[in-house]
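Order of writing sets the labels: A, B and C. Residues in every chain begin at 1.
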Amino acid sequence: MKRTVVTLGINSALQILRGAHDEGMQTLCVCLSRHSELYRRYAFIDRVEVVADYTELPALCARLDPATTCVVPHSSFLSRLGSVGIAALPAPYFGSREAAVWQEARERQRQWMAQARLNLPRVFRHIDEIDAPVVVKAGGGMRGDNFFARNQREFERRLRDFRAQQYVIQEYIIGVPIMLHYFASPLSGQIEFLAADRRYETNVDSLGRIPTENQAGLQIEPTFVRVGNLPVAIRESLLSEVYRMGEALVAVSRDLFPPRGLFGPFSLEAIITPSQQFYALELSTAIVGGTNLFINGSPYSALFFDEPMSMGRRCSREIRLAEEAGRLEQVVSLPAGPRG
Amino acid sequence: MKRTVVTLGINSALQILRGAHDEGMQTLCVCLSRHSELYRRYAFIDRVEVVADYTELPALCARLDPATTCVVPHSSFLSRLGSVGIAALPAPYFGSREAAVWQEARERQRQWMAQARLNLPRVFRHIDEIDAPVVVKAGGGMRGDNFFARNQREFERRLRDFRAQQYVIQEYIIGVPIMLHYFASPLSGQIEFLAADRRYETNVDSLGRIPTENQAGLQIEPTFVRVGNLPVAIRESLLSEVYRMGEALVAVSRDLFPPRGLFGPFSLEAIITPSQQFYALELSTAIVGGTNLFINGSPYSALFFDEPMSMGRRCSREIRLAEEAGRLEQVVSLPAGPRG
Amino acid sequence: MKRTVVTLGINSALQILRGAHDEGMQTLCVCLSRHSELYRRYAFIDRVEVVADYTELPALCARLDPATTCVVPHSSFLSRLGSVGIAALPAPYFGSREAAVWQEARERQRQWMAQARLNLPRVFRHIDEIDAPVVVKAGGGMRGDNFFARNQREFERRLRDFRAQQYVIQEYIIGVPIMLHYFASPLSGQIEFLAADRRYETNVDSLGRIPTENQAGLQIEPTFVRVGNLPVAIRESLLSEVYRMGEALVAVSRDLFPPRGLFGPFSLEAIITPSQQFYALELSTAIVGGTNLFINGSPYSALFFDEPMSMGRRCSREIRLAEEAGRLEQVVSLPAGPRG
């Protein structure tokens, strides 16, 4: 019987399920009712299950046969279920469940990246330490809310209007943003750099089209809401460092959560400075929306594969090859506690 | 005998004719002499006819056999011929001729979008109503000429230098621009969302690379001349709304110009605000230049098709399938009056 | 015996070698030790040779059998070896070695573009001539270092801090940047326009995301370091001029360095102004990094080829076809002096 790939209908479900279909699997999309019409449009989705809330997913998974199911998560999947929900999810899961724990808390994620010798923006623990422009990022449920401050005084003034209780004060790094998308294959033991993009954010990506003199009149408060992504090819001489960072993150993860550490898709958000240094901002340990640009392949996937290979398809390819080789346990992880 | 797809050599003729060729048809490109060398370079164009002026197209079409011809229009085709020329064009025409009428006049287009419950920028009828920053857009033959004003005083000052006689005063919506490209299939009754892009406009897209202090010295008057397009993938959670808008535009069109309403390719220009709302700016009822990015397929066309499917090819695919099913009359429209 | 395509491991080596592999050739990558791990990751690279310095390449080439070797250069290859090194390189070389001479010196390159009737920014020989905003570009080894000045006074002030001894003072053209990528086929006698992109430069491409009021506080000195590229589709009505420029550059080159002139890949960096004029900034006579976006094909290559055709593959395709037709001498050039 065919294996069924399951994911939540949001974020990058389309490429995950299209990729599963292309690798010969059945597909199941679990989504809110307001998105069910969307997912029903696509012939490669065999089944759409509507839930009132994403928290119903575990119960739904418990009813599926673990012998023929595999959950393929994405970054919204992780944030919706949380690392506790991920750990207990009663279904075979593509990737490491412990990675979700280490991604979730900013401090742990920072420790991970620091141990991998990635350049990181300085973090200021107290207002008195601020000696450079900063970006203040909300934590917990408010993630995505940011503000910018040039100095201590501006920080103080803007903090008054900031709704988030938890936040981190990061040095503002001047340079261009980039998202790097990797796949770590447990079967080959290799890392594949598969794509790069930059976010398309509203309203901050509209500023560059508004003349200086008009910006004053409009009094725009910059926001960083991702509504899309733009494809990027990266300067080839930077690829060695791109791979070094990816390899180091995987190597360190084996110390942090042994024995398997991080595997499957992961993405790094970074800034590239004029001296061509990468500064790492954030790490995602599952498929992210930026890879939706490359459902029909990327310039980098074309270096490894002869057919269009999305990140979603890459996951199902690994599952299929593992299954064919009788090594499925290498690419999936089982729930932490006793089965529900 | 093979059907011949005809279009004007400009805008998106290359993808239309390449797509027709890929679907097994003959191709005819009608162009000005200054572009004939361009279109003669491409092996998939079987015949290039030079005209002194686009208004010669109807006479040229009248000489073709309607039994084996099909015109596939694009947005420049519509603006060059006008809805009156489109209505009378003596050749089978892919898409709705009445859609051109409703697209042409800003007020009708706005009514159409309003009935489809799309968010629209407010329109100010008189200078006294202006209570927010506005963009003033020329109508008629000057379309493409715009200016920006922060308030009534600036509006008054800039209007003096504005050459257009007809114009509309629209609220300026702060957010990022996006173009959404759809195909409404009369055969399947389905809408396919096939691509997204944003325009690449000179000089406004150069502003973001000029430091604030230099902008002052350069005294740049922003212009919005499209010279290219950049590909975008859209956040997956926004796709339900993308489809809702497309479906609503098609549904409303069946009331506005029954019975068939809008079918074939259409595109929506919108702004996405920080609250992830779409504000619709303009509707095109034929292929637009932004889809030239996807001559070898887009991430979204790859969700429906196994081969590279440009918007141009999608049109010829529909014509071919309709012909094979003996349902050609469903996908083409005939001239309004008696044949010329 | 199979022909081996050789290139330096940097810039666009991946597409060159992947393309050679796809055309049935052997591949050899010559690189610095810090990049050897990168190139060893890819199965299509048959051999990686590590050199301590790029100047070792000629000696390495001298040891290869010229009957079964072909060097495919790229723009970093040209700048590393210089036109003198290129002229003497003891191996069959894809493209014109004399083109490298004409590209190298800014004055000659300018003469070439001027003879081809390309629009060029004015050049000011002396500070007193400056009557418009200018960009000052370093020559020789400092190429890539630039500064901007609004007038004579600002020019004078900034020149004091400028480290380059050689420089050129160019009028600053307001418009959007574009890179145009061509292939001139000696076999067909035709030019193929294969792709367009724009550079992604740090930090200048970060400015547009920083509100005016914050830019003041950050005191950003704009830099133009290319770290990536973004794909662009160009307005179809501009393609006639795109081809005219490419044809003219090739035609003029036959006068400048007869009899063969320029052939193979070349790229033009330009600005498009609001009046839709191209202003040519720089010409490259080999593959450039921007084409890395199109390793799996571009919208424009799809108009000529049914398979994914990168610029790198296009070179090997020409070599293969030439060899099959017994016309290899038409597509390669031999070293200038006696063999080393």
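In this text, a residue touches a chain if its C-beta (ideal position, glycine included) is under 8 Å from a C-beta of that chain, and two chains touch if they have at least 3 such contacts.
None of these values were measured; they are calculated from a predicted model.
Of all residue numbers used where subunit A meets subunit B, under half belong to both copies. The two sides are thus made of different residues. Copies subunit B and subunit C of the same sequence differ in orientation by 120 degrees, per CA superposition (steps of 5). The distance from the centre of subunit A to the centre of subunit B, with each centre set as the mean of the Cα atoms, comes to 34 Å.
For subunit A, residues touching at least two other chains, in rising order: 201, 205, 207-209, 212, 220, 230-231, 308. Residues of subunit A touching subunit B in their complex: 10-15, 18, 34-35, 37-38, 41-44, 76, 197, 200-203, 205-214, 217-218, 220, 223, 225-231, 289-290, 292-296, 308. On the subunit B side of its complex with subunit A, the touching residues are 133, 148, 150-151, 172, 174-178, 190, 196, 198, 201, 204-205, 207-209, 212, 215-216, 220, 222, 230-240, 243, 272-274, 276, 297-304, 308.
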